[in-house]
Amino acid sequence: MEMNSSNLWVFIETNEKGQAHNVGLELLNPGHSLSRAQGDEVVAIVIGQHTEAAVASAEAYGSDRIIIVEGEEYARYSTDAFAYAFHALITKYAPTSILIGATDLGRDLAPRLACRLKTGLTADCTELDFDEESGNIAWTRPAFGGNLMARILCPNHRPQIGTVRPAVFKKPEQDTSHKAEIVREEIHFSIENIRTKLIEEILDADNETIDLEGAEIIVSGGRGVGGPDGFKVIQQLADALGGTVGASRVAVDSGWISSAHQVGQTGKTVRPRIYIACGISGAIQHLAAMSSSDTIIAINTDPEAPIFKIADYGIVGDLFKVIPEFIALIDEQILTMAV
Amino acid sequence: MNILICVKQVPDTTEIKVDPVTNTLMRAGVPSIVNPFDACALETAARIKDETPDTKIVIVSMGPEQAKVALTECLAVGADRAYLISGRGFGGSDTLATSYILSCAVRKLEELEGKFDIIFCGKQAIDGDTAQVGPELAEHLGLAQVTCALEAKTNGNTVQVRRKTERGSEILGVEMPCLITMTKTAYEPRYASSRKKREVAKQEIPTLDENSFEIDLTRAGLKGSPTKVKKTFTIPQNSTGVIFHEATERQSTISLFELLVKGNILQLGVRYGNE
Amino acid sequence: MNLTNNDIKDMTQSIKDGDIYNTVYNCRCCGSCVSTWPSGHRCSLSTLAQGVQINCRGLNGVIKNIKEGKIDFSSELADYVFRCVSCHVCVENCSEFVNPVDYIHDIRMQLVERGLVPDSIMEVFKSIDQNGNVWGEKEDKRVDWTTGLNVPLANEGAEFDYLLFVGDSSAYVPRNQKTAQLFVQILNKLGIRFAILGNEERSSGNEALKMGEAGLFEDLATTNMESFAKYKVKKIIALSPHGYDALKNEYPKLDQNFDIEVLHYTEFLAKLIEEGVLTFTKAVNETVTYHDPCYLGRHNQIYDQPRAILAAIPGLNLVEMDHNKAYSICCGGGGGGIWMQRGEGVVVEQLRYKEALETGVETLVIACPICMQMFEGENENNKTNPIEIKDIIELVFEAL
């Protein structure tokens, strides 16, 4: 592999329908700033059975070039087929850097790939920048449950690879007139050689409707909510604001609400316009996953709760008293406007 | 059946706090625990053993001598054998180097304990949170992998694994030998009672070092690690927010609401909510 | 909990084989065990299962069915046995010597050894293992409550006649710390030579034992007994009936040479009153009712001493609840109950609390830190019309 190879690759993860997962499109954003710093191009990698929709998105969100691998063996993700195809592409083109979304899929694929290439991989990055001094990407990621941030370099190996959590970056501006160079590669992997066979798929009933990562307003509940009944109050506020219900790890672990609602290091990372934390003390794991929200509002009985340290606004008080008042004020305002 | 479980002793990160003055981690007095995802892996293996009684469960951990405490805990809840991998040349390893060392050790363990049908790892360790060592170990050993498993049951020569996906879960069939990384299971890991811990305390836990098995030491430790930590830092948390703590919740709520509307955070005239 | 087939098979077999379960055949389903209650079923085990109210009496039937091979042990049953608050009222009332508390304890011990423990209880075990107390607090904060008070430490060479065994709840829970602080002031006023073990004190082990962690109890008891030997302890005053029960009744089972006089503080104070050492100068003009803690009353037959103290306080008027002494209703906190979920239907602590309210007195008097926490918890749910809750120690201090 030539060491002076250039180009930054972004893996565009696709779903069953062949559409691009948001995280891949989001990564085109830092992809651009990093590749510009190095005078390189941003290349989108799309692997799937039908890739038109994803390719169109990758183009509109500003990829300079798109490399497509199509085949029926890629209809569903498998470690074996995807690692094979991706590895073949890397061997051929020798990119400098690769960004992959830290989704369940990305976290399955990236380490397999990095190990096959004997190169470095940095997981779950929350910040990417160009380290001028060494000419490497500086990958910043949380460790110790978000208590510590580490800035990591991969100086002597290429490609340098990192995974990035969904919603850490915003998608670039969409431009449907933008054109990318399209490259098709014929790489095939025998279906029989895929060692994991799908037996059954079980879809979560409510997972489809809960989109924390895309939510504009999130109302989250924690220990202070006290139980499943308390979450009805959280839901009422979310409904009144047209928001989505989130939850801390304690609430999910206690079985008060399903894990699809969990915001935190082991749940989802979110960056809504408004985040309202109710009865959440603010364990660092939680803070790390919601601190980039535009406006944070905290309601907690404990004035010393860490959540108040990062909140833009807060009320020290009982959430069961505050929320009904808050809803009443919203209703009142709507009534006023209607007159 | 022969099952290997890779476990790590980790500080209980939920107990770690940041010193508000120096902005450094306060690690003193933080208890060390078996990585919770590894405990789920052990419980899953114990459940397989339950169904297939002639199953042997071997535990391996890479870490300092003190990690034997974690291994003892695993022995107390049903593991049969435990090994510690510890060596000067292994310190400072990143995930690629760690998985390489583990892969060399696994080959040695297979000489001692027989071929492993399933290797379990926790999805990730709660201190590093990388979720890389499992898949990288699978790659080194050329094994099929299933990550983020919620459940695993054996059926003849295959393992049926329920795996978490973005949309729910899927059941995959994979032939043994294979490597499975476990996420939090629906069932709780077993408690290691004091009597059980006392019983297994006498059991010998052999330590394997760089001389115990074949390994290319240039691929281990700091020099074998492609990634380098340039610096670590904590995020300072300074309160700049407007916090209301008035006589009644009602007064606080009114003050907050007015401020939100004034600041255009809640827009006047916008009809919020789903009817 | 989620038991495996093996767990179920083994548990079923051990119940079939275990002699301790044979007493269920004595059960004639007369209902005496729950008959003393005002109405309905009040056992902490009470729950609705498939529309049928189950309690300790129902459990006898379940065990009988397991013994006869009609049903197997189950995950539900494993959760269920951890609901018993070991109040002992069923044992007290049974004329046929059926002892559900004993066999429930046996089932718990077996489940714990199999590693099957409800989450909330597992947290407590881990806390005891790591910190030596049930409250998840740091070991070195055990003496924080003594700040500013004259409380001699045994390891600082204090000469003492009595070792004060403080207990986790009095050492760490703020409401009970206040009581402990008053108690040492009383001791100092009376010139009693006492000391505490300080940070060397470990949880008495009562909770660990009753929740089925016998090994952990052995560890704690051994450590505490080593401290007693090191400081040549002859007499102990225990603040909590739970610690008292462990020290008085369980420690001697582990060490036959255990030769320490163990007193609950109510026994100690009653004795001082009798001897004329403790006299009261101030009147406490209050009408109160007294709640018998299970581990003081039914477990150790200490009914009279607390009442003797109350009777000696000038101005104090005691009104008994309908259910008192051996028929007292539990606060719901014993045997690990303070950490366990309740079943559907009437909750034992609510029932007791209501009974106290119905006496119309100003103050509910207790002699146990766990009872204090349980009833203060009920007060939290009843902010409009709470009842004042006082430890006997607080009344004694007021009257001094």
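Chains: A, B and C, in written order; residue numbering restarts at 1 for each.
Just so it is clear, contacts are C-beta pairs under 8 Å (C-beta built on N, C-alpha and C of every residue); 3 or more make two chains touch, one makes a residue touch a chain.
Model, not experiment: these values are computed from the prediction.
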item	value
Graph class of chain-chain contacts, one of line, ring, star, complete, other	line
Reference subunit B; chain at largest CA-centroid distance	C
Cα-centroid distance, subunit A relative to subunit B, in whole angstrom	21
For subunit A paired with subunit C, centre-to-centre distance based on mean C-alpha positions, whole Å	50
Intercentroid distance (Cα basis), subunit C paired with subunit B, Å	38
Complex interface listing, subunit C residues touching subunit B	1-2, 4-7, 112-117, 119, 122, 125, 129-130, 138, 213-216, 218-219
Subunit C contact footprint on subunit B (complex, rising order)	29, 31, 47, 50-51, 77-78, 186-198
Contacting residues of subunit B [partner subunit A, same complex]	11, 13-14, 16-18, 25, 94-96, 99, 126-136, 138-140, 144-148, 160, 162, 164-175, 178, 184, 225-235, 237-245, 248-250, 252-254, 256-257, 259-261, 265-266, 268-269, 271-274
Residues of subunit A that touch subunit B when the two form their complex	79-80, 103-105, 107-108, 110-112, 114-116, 118-124, 131, 138, 142-145, 147-157, 195-204, 207-208, 239-242, 265-266, 274, 283-285, 287, 291, 295-298, 303, 306, 308-318, 321-322, 325-326, 329-330, 333-334, 337
